[in-house]
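In what comes next, chain A is part of two complexes: it sits with chain B in the first one and with chain C in the second one.
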Partner chain A sequence: MTRRWLPVAVASAARRMSRDRAALTVAFGFYAVVATVISTLWRTAANAHGGSIGGYSGAQLTWYLYFSEAAVTALNPRQIELTGDDIASGAVAVDLLRPASVLGVRVATELGRSLPRLAGCTAIGVALAVLTGGPVPAAAGLLLALPSLVLAVACNLVAQHAFAGAAFWIRDARSTWFLYQKLVFLLGAMLLPLQLLPGWLHTLAAWLPFVAMAYAPARLASGHVEAQLLALQGFWFLVLVTAAVAVFSAGERRLQVVGG
Partner chain B sequence: MSALSGSDGRPIIAARQLTKSFETGRRGRRQLVEAVRQISFEVSPAERIAYIGPNGAGKSTSIKMLTGILHPSAGAATVMGMVPWRQRRELTRRIGTLFGQRSQLWFELTPRETFRMLGAIYGLERSDLRSRVGQLGDLLEAEDLFDQPVRSLSLGQRMRCELAACLLHQPAVMFLDEPTIGLDLLAKQRFRELLVRLNQEQGTTIFLTSHDVADIEHVAQRAIVINHGVVIYDDDVSAMRRSLLATKLVELTLAGPTDFAGMAGVAVAEHTATTLRLVVDTAVRPVREVLDALLLDLDVTDVTVTDPPLEEVIAEIYARPRT
Partner chain C sequence: MTAVLATFRAAVLEARANRRAFWTQLAAMALNDVVWVIFWSLFFAKVGVVRGWDRSRVLLLLAILTTGGGVVLGLLSNARRIGQLATDGGIDAALALPVRPLAYLLVRRVEAVNFGDGLFGLGLFVIACHPTPGRALVYLLGSAAGAVVLASFLVLVGSITFFTRRGEAGDLGFQAIILLASYPVDIFSGATKVLLYTAIPAAFVAAVPARLVDHLDLSGVATLAGVAALFATGAATVFSLGLRRYTSSSLWTRA
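For the complex of A and B:
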């Protein structure tokens, strides 16, 4: 079956979002402030710790945090809640009346909406990282970080839909979504590199999909030219898509039996 | 162009003993509630059907089963020869659906951008899509709305764009669930006229649910009334008009206290110093004739004429002797 709607969905949403200057300005301002504050804190800590922490210099930590924050800020912070509410209220049933995958259309549209935010945050992040942390640690790492950012957003979106799918069975699944966001912040290594987590937590986090959502692009941008991180993200993307498809298929079947 | 299907005389929609039950309550205290009970009817191609009933009667549940987004507990149904809940994807390419309370448009996009996306979903060629959007803009008099963000449109304008969105792929059957809900009088009237025009010009079958009696009179050729999940009336609107919709409610605001002597076919429901509410039996005396007489005799500052509420029509159906 043709999937011609996929690029159209991404492009339409991206085009529209790029015209929403007010929303973009708020997102960019929020990103610049938060990423600058956190990266400054870590740079100060590294300087106070003999110039590096967990193998990252102050400059590397700066690049790391601008990229980990960009990967997460690119998404609508209320996305998981909005998707979950649509499912819980039964509004998602209307989507079943189109000859296309409900999950596919939703993820493609959200990916489109995220891309202008991601592009803007990345550009601002690179400028601020150069300004506050110094030149890019490794140009090859930066080049690899760009596709990695897109993969990070895609993994996060698909995972959010899989988690939000809990609303097919549980009326109020908000606590699950709250937990999900915290897991991305901590185990996704958005606030601090994976290497700074305690040993057991580091090991655990390394085996979880959250690393694909913030850690991977940030690690690459911080001068670690580890192309295998892209492969890891690709792997988790496929796993998460499989999980989300399974959740939505089961959820849609349930919706067709018990109603919305 | 005709959107007809089933021109071989077969019904375009058929429901036989269609039933849907839902479980409610907590575990251990589960109760089975029958939202729709053994409903049966057939719809011919290009018919305009009003499927009406009060809130909670089972209208939306029926429409969800007929569009395939809900499985029935028992019974059978076909739409254009397809079993909706088994062939949902295939069916969605040939039917249009409009839910008055749930938008199918993307709020951040303009209607034209939404159409582009829907065109891709329905596999329309770019040139076909362009000409179709142009046709729909003319038909719905909505061309100037297509480039405004959906969120900036009024409800009436949005409903015209919603209608365009579900007509994009030239469906043979349109299912509309409470499409006039929330619209003001003028917007409602315009929307009803559009549906009739669509049916007459393109042969699209209209299956409309509503709890507004005026929707029946102005859109439908045939009315199916459902209450507590059961079909209680199924007849032509002309017959219904004679037997059940013969009364009109007339409310007059008076300039001051006045006497009303009464007239044949008119019953007084309320009479105060400033208000006179009448129930007019149009089978005895046309409402226009009553208004002419009242405006001549009384000092009237305002007049409203309304249909009886659906609950009264349903009470009338139950009160009639069974045949």
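For the complex of A and C:
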């Protein structure tokens, strides 16, 4: 299999996911509830404190949180656990028989599965944000936020595979998904914008790849037209791909030795 | 009753069989909960007080939610799987035994990872919620009542699967009640707030018990106990009615 099969893997996974109405219903329903609750919390807090917090108005926080939640909810939260289980159980050995990169096919398939969820969550998020927070703060920001969401999902997926690759060595990566998810929640600024973190934590988070997974699209959607965020996401995507390839290459060699 | 207790004991022993994994999962969940403490600390450091809720009140809410949630999702783990068991034919195993199916199913599976929630809740109450003998008693009883409401709601929405043959309601109900119970109920208003006291009784899982720990009043206690009894009766009734529609399968190992 050559690289031209990667778009095929994305498209076929997206098509399969689009037909799974039960899974999409749960994902969209969950997203609507969770994003509405957290945005209500911050909007209420902003309105109770003179209309803005940390430079964000209530409306901007609403748009921010609907987009940060969409970027994260579009993914299977337990992807690390699933991939780790496949590695630990040896099921990944079947993937090695294919004439294609194990990591590439897995990431492409998961990206395809995420896209219908991302599209649905974004559409619902825009509707709910208009309804509860008011009109979009900046149309240009919203336009930039759309490719940024796809990049956020791609960065997150690749990073999750790099994390899950630890199972080649430790055999049980199941518990790590809790911790990874919380890193995205806080350091990725999913629950609150970077500007609301204490100074030292803000600086730390800004230097970590998690900002590419939630903060970037949310910041753009909240009316801050900062195109450099897309470049930052591109940079982190390349770094994370390099890391994941290194982990899987080393892990696959080890798996071959163990499996004989 | 003896059979149900024996089943429960076996489930606990099964969960503890791999001790290393047991303690690792427990610690991971407790660490996971610490992140919420960090989030709420950051939030209230920035905004002070929101509609009467401050950091200490929310930490009390979190302590009660994780204690009650730890009991339900840890000790009565199948409460959230009723819908899945109904569609997969996983209730067959319970029907063949001389025990009440719902009681057996609820105690059949213990989820070690959620013990971490329970221990975290207990620890958080001791460290951050100004424990006195009186407050501790209300906290324990309130957490227990909240756990009854949570377990009953999960069984109720899971049992809808018997009628619809689809599990979305159960999945969504689980996500919604856990999420809504973990936020201060007063940030919501209008229809949403009414919803939290009725159809999705998230307020009774943690916010109402938390209020009773701070301001104990008999009418509040009676309301909480009444709601817990009402939901428990409703869950048992809907499960029994749904069970009449259950169609068997050849799977025996899912319960």
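By definition in this document, the second predicted complex is superposed on the first by the 256 of 260 C-alpha atoms of A that agree within 3 Å, B and C clash if a C-alpha of one lies under 4 Å from a C-alpha of the other, contacts with A are read in each partner's own complex, and residues count from 1 in each chain.
Going forward, a residue touches a chain if its C-beta (ideal position, glycine included) is under 8 Å from a C-beta of that chain, and two chains touch if they have at least 3 such contacts.
All of these numbers come straight from a predicted model, not from anything done at the bench.
Student: Quick check for you: in the superposed arrangement, does A:136 touch first (chain B), second (chain C), both or neither?
Tutor: neither
Student: Would you sort A:229 into first (chain B), second (chain C), both or neither based on which partner it touches?
Tutor: neither
Student: After superposition on the shared chain, which partner residues are touched by A:107: those of chain B (first), chain C (second), both, or neither?
Tutor: neither
Student: Answer with first, second, both or neither: which of chain B and chain C does A:186 touch in the superposed model?
Tutor: A:186 sits against chain C, while chain B stays out of touch.
Student: With the two complexes superposed on chain A, say which partner A:70 touches: chain B (first), chain C (second), both, or neither.
Tutor: Once the two structures are laid over each other on A, A:70 reaches no partner at all.
Student: Let me test your reading of the model: by the given contact rule, A:49 touches which partner, first (chain B), second (chain C), both or neither?
Tutor: Once the two structures are laid over each other on A, A:49 reaches chain C alone.
Student: Quick check for you: in the superposed arrangement, does A:26 touch first (chain B), second (chain C), both or neither?
Tutor: It touches chain C, and chain B stays clear.
Student: Which partner does A:240 reach: the first (chain B), the second (chain C), both, or neither?
Tutor: A:240 sits against neither chain B nor chain C.
Student: With the touch criterion stated at the top, can you tell me which chain A residues are shared between the chain B interface and the chain C interface?
Tutor: None.
Student: What does chain A use to touch chain B in their complex?
Tutor: Listed in rising order, the residues are 2, 4-5, 8-9, 12-13, 15-17, 20, 91, 93-94, 96-100, 105, 109, 113, 255-259.
Student: Given the complex with chain A, which residues does chain C contribute to the contact?
Tutor: Per the stated touch rule, the residues are 21, 24-25, 28-29, 31-32, 35, 38-39, 42-43, 45-51, 113, 166-168, 171-172, 175-176, 179-180, 183-184, 187-188, 192.
Student: Using the touch definition from the top, list the residues of chain B that touch chain A in their complex.
Tutor: 20, 22-23, 61, 64, 67-71, 85, 88-90, 92-93, 97, 99, 102, 104, 106, 108-110, 113-114, 116-118, 120-123
Student: If we count contacts the way the header does, which residues on chain A are in touch with chain C in the complex?
Tutor: Counting only chain A, the residues touching chain C are 22, 25-26, 29-30, 33-34, 37, 40-41, 44-45, 48-49, 53-54, 172, 174-176, 178-179, 182, 185-186, 191-192, 196-198.
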